[in-house]
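What follows is a pair of complexes built around chain A, which joins chain B in one and chain C in the other.
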Partner chain A sequence: MSGKTIIEMLNYDKNDKRHRFARRAIIAAASLVVFVLLWWNLSLLLANPAIPTPQKTWSALTYLFAHGDSVSGVTMWSHISISLRRFVYGLLLAMAVAVPLGLFLGYSETLREFTMPTLEILRPIAPIAWAPIFIFTTGYVWGPILVVFVGIFFPMLTNTMFGVKKIDPNWIDAAKTMGATRVQVFTKVMFPAAVPYVMNGLRVGMGIGWMCIVASELYASFGGGIGFFVSIMAQMGYWDYVFAGIAVIAVLGLLTITVSDYVHKFIVRRMGME
Partner chain B sequence: MTGIKKTQAKDRLRDALGGKQRQTLSGDIKIENLRKVYRTDESETVALEDFSLEIKKGELITIVGPSGCGKTTILKLIAGLVEPTSGTVTIGGEVCEGPGPDRGMVFQDFALFPWRSVRKNVEFGLEIAGVPKEERRERAQRYIEIVGLEKFADARVHELSGGMKQRVGIARALVNRPDIILMDEPFGALDAQTRNIMQGSLLRILEKTDQTILFVTHSVDEAVYLSDRIVVLTKRPARIKEIVEIDLPRPRDRASVEFTSIRKRILEELEKENVME
Partner chain C sequence: MKLNWNLKMWAVVAALIVVLAATGTVLANKEVEKQSISIVARVNNDGSGIFVRGDVNVDDLVTIDGGVVTYHPDGWRDMLFMSPGPSSIQHMILMDIVKKKVGLGFVQNGVPYTEPSVRWTQVAPGQMKDMMAKSKDDNLIHGGIAWEPHFANIVASGAKKVISSSQYWEDHPCCVVAVNKKYMDTHGEQVKRFLAAYVKSAIKVGDILETGIGDEYEGLIDLVVRVGAPKEGTLDRNAAKVAMANTTYTYELSNLSDELTKVAETYKGLGLFSDETLTDAGFDGVQDFIEYLIKDGPLSEVVVNDGSGPRAKTPAELSLSDNSYRVDVAYLAADTHQIALHYGIEKGYFQEYGIYVNLMGPYAAGGDVMGALLSEHANIGLVGSPPALLQSINALR
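Moving on to the complex of A and B:
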């Protein structure tokens, strides 16, 4: 009987929004169930302490949120807040530098020709490769922030430059015939025109930035954060805690991407520039 | 001493920023031997050749010519958006170098800012000029009403039809009351009825001011209805084929014998230009 309803659901009405949503929800749930089952079987099969079962991970999770662990002495909440705060600082820093720079580089060919060779050399370096250097030179607070900065900076920059390239030259001409100075052309035409592209850069950058924050915290030997937590717990062999940390990373990563997708869509629509 | 230095530095800064906002004293335009060649890597296009014209303040001149002959180029040269290859444009006694708010332009493809509402588009020039918010709103509202878009004042550009966008472009240029208004086929996207209404409003607005108008159109009927003089262009590169003075009293009767005979003559001239070789 329930088999029948599932088949009915899959045989859905494409024009009905509720049907589409229900269908996607069912498929997503099925995917998750299959994933957990695979994980469970694998952990039983391997019987390796480094791969705890889903149940053990779950109880570790609830314990960590409620009481924290004895090693770092704080709850999962405070690790999350430390990581998120660093993430946001790195993100803001990257926006503050990449957006104006992207506008300038998109605008001035000379500046572009001057800057691009250097940037092209730096771009392929995995941001995490900077972590030891940044942590050594700026410490456990700023180090991870700077890694996030590097990770978000490049997608943000390229997207902003692309946005400038897409500007209708007539917009600039129109502004000039209304007396706009070069600065005003910049602030009142080029910047708003590039915003949807900046937002796209943000969307891409946030995914990368989240990977960067966790990865760079793995290098840190104190200072908290989810990456730090995972690395410490692994060193001590508390594998269920490690898995709990990874699950938190996954959920927060998904959340970041969902939020940035939403913000991107909202702003582009708000600006009438779909 | 430092005061002088400071102002010099300020001037230099302003020039460097391209803010040549000198206001001309009058709307006279003198165009001498203008020539424009567009060069790209692969090709050279002569868009304008041997073009001279004097326009008096307050005149309404229309430009008609075959499509692609160089009409937009003429307007952009006067606006200062395009550099002449040779020749000069003199505005109110000063050689034109670069754009300024004394010459407003209505763009053929509207060039509206999609991130701004209709109202905010119309307010753009006033914002640039530093007009206070209240006054800005009032003045913009007047012109939005003139072009008949009061119901759409808070709409986004992408919600408008082509004809509505065009009217926003017109309001956005007129609201700044420039000495010279360059209009590039401003009524081209309008239906016949709205077009006639807009022609009437334009003439009514101009009655009260002494703005100089350069108006590009594909419609000879529109040209005869509006103009003091019609400049008929050859096919590319555009040269002046003929200048027709229209001294019929306004409002003009499109059905009158004089009107139709002028229109017929210009149409014949244009047809000769459009014949394929």
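Moving on to the complex of A and C:
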């Protein structure tokens, strides 16, 4: 034994990593217990079928993952897979368009001045407002993907542009002095320097994109997805299933943001740009 | 030596947990009345149908001989049908046909499946014609099931009829007049007035359709074209006439209990609810619950049969005061099953009985109308009997 008393061992030491972790874990657990108890009380107090108790929601959740529902005929895993697939397609499309465009707009002031009025008109429009138009013009397969695309596109574009504008002009001058071509300046200086900003745009965009996919599936979807699942279950009054779907949306949203945060931090650290 | 934790904060958290656990336990043992509805009249029987694209051979799906329908599973396999949504009676009919009569699986489009199946996707009936035409080149959507007038209108536009819903189940129940139960208990007079006006309108619509000619008939068809079209000019006038002929308009509750029991058994067979939900809520079973839902008292008070056939009692016969009341009525979009409601409003029948009908909606599907009723957003709703039944059962969960 190190000779510490029990009270000494239980005392919180903010310089100790294990103590910090334990503190966070205990506070999080207490917070969740209070949240679940509040939910339980509210559900019983309102006695409204649309607000099921935590126990019913948990039973529904475990049942849906194991057996699925009789309406769609598939398990929750399938709905998650469908929504994730749409999300990834929208994300890849947004990256493919927003990053090169952001680099160009950040690099060329004239091009930026020319396109900004249009982009500023389009940017404030909520992505879900496009859902009926995208779904009708491109169909039920591409419609929700394009809604995600719009959600991720603008944060990525503005962050990439900002990243390019923030580059120290001396870096570009130095590269040119050393004989770098315009393409090399673009690929060897500007793009790497803008990456942390691109990642920040990605981090913000992924949060918005996840909300977009669920919202567009709630509106209409050709082939399931969690938003669609929530919508049809609400139509039929399976409120415990609706809450289970909402819980899945919350967890997936949290995971998406955690992963993008981690990737962002990792790249920023690797590039020495903390 | 003292602990350096924030003990006051932890004491508050612990107290909060104890209090919430205690109040939750008390509330869990308290008897509460669940939200529910009462079915006070029927609206229509039949009036839906299954169709396929013009290039699909109907004989590959069904053959009909002397009224007997034979289903051919190979023709149905992997087809994609549009449905107004899982809460609709049309969805239940299609699901029952595919699973029980055709013998295939019934899966949502877009999800992987291994067993031989028919796929479905949700499309509002008003958009089905356009969606089917749009997807013709890529062979995506093969057909659908819709309520009238969309079924007749889609068939008139070049699609082929597979079967009408009456060929699946003759005189099957469809829409009903449902009332929020709390409203029913506290606003009996308003329900009675509304019902009297509705019965008058339904009888008149039935009489006009029986005649089938004349100014009143053409006037009714004008109304059908206006109400039944998702946008102006999209409903063919002849299709509107066919749609009206395919639907039986009524108000009577006779046999509804048995018919809803059959609907409930179908739902149970499809795995959409279990007896446990009903028994846990204190009902003996399906029949007991349906008897709780159907309330024939108000209807029997407002209908009289004085030799020349049944009719709605006049305001004087009902001894109604001169008061007038607003009633919030939820209805379905572009659904001519509910034409008697619109006819009664147009002809001033509801005003005659001191009722101002405040139309809520239109709602896209029966599940949404039920949502409006159970949340007390609407007092009365015209809704398909299957969603009325299923949502009422689910409200007990």
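Just so it is clear, the second predicted complex is superposed on the first by the 261 of 274 C-alpha atoms of A that agree within 3 Å, B and C clash if a C-alpha of one lies under 4 Å from a C-alpha of the other, contacts with A are read in each partner's own complex, and residues count from 1 in each chain.
The definition used in the following text is that a residue touches a chain if its C-beta (ideal position, glycine included) is under 8 Å from a C-beta of that chain, and two chains touch if they have at least 3 such contacts.
Small disclaimer: the values here were computed from a predicted structure and weren't measured.
Taken together through their common chain A, the two structures put chain B and chain C side by side without a clash. Applying the stated contact rule after C-alpha superposition, one finds that A:Leu37 touches chain C and leaves chain B untouched. Contacts of A:Ser78 after superposition on the shared chain: chain C is touched, whereas chain B is not. With both structures placed on the common chain, the touch criterion links A:Gln184 to chain B but leaves chain C unconnected. Once the two complexes are laid over each other on the shared chain, residue contacts for A:Tyr140 go to chain C alone; chain B is not touched. More residues of chain A are touched by C (comparison of chain B with chain C).
In the superposition on chain A, A:Gln235 makes contact with chain C only, while chain B stays out of contact range.
In the superposition on chain A, A:Ala25 contacts neither chain B nor chain C.
In the superposition on chain A, A:Gly223 contacts chain C only, with no contact to chain B.
In the overlay built on the shared chain, the residue A:Ala47 is in contact with chain C alone; chain B does not reach it. Once both structures are fitted on chain A, no C-alpha atom of chain B lies closer than 39 Å to one of chain C.
Taken together, the two complexes place no residue of chain A in contact with both chain B and chain C.
Of all residues in chain A, those touching chain B in their complex are 168, 170-171, 173-184, 188-189, 192-193, 195, 271-274.
Listed in rising order, the residues of chain A touching chain C in the complex are 5, 7-8, 10-12, 30, 33-34, 37-38, 40-41, 44-45, 47-50, 52, 56, 70-74, 78-79, 82, 139-140, 220-225, 228, 232, 234-240. Chain contact summary for the complex, chain B toward chain A: residues 14, 17-19, 21, 76, 79-81, 98-101, 103-105, 107, 109, 111-116, 124-125, 127-129, 156-159, 172-173, 176, 182.
Listed in rising order, the residues of chain C touching chain A in the complex are 1-5, 13, 16-17, 20-21, 23-24, 27-28, 30, 32-35, 85-87, 105-113, 117, 121-122, 134-135, 270-272, 365, 367-368, 370-371, 374-375, 387, 390-391, 394-397.
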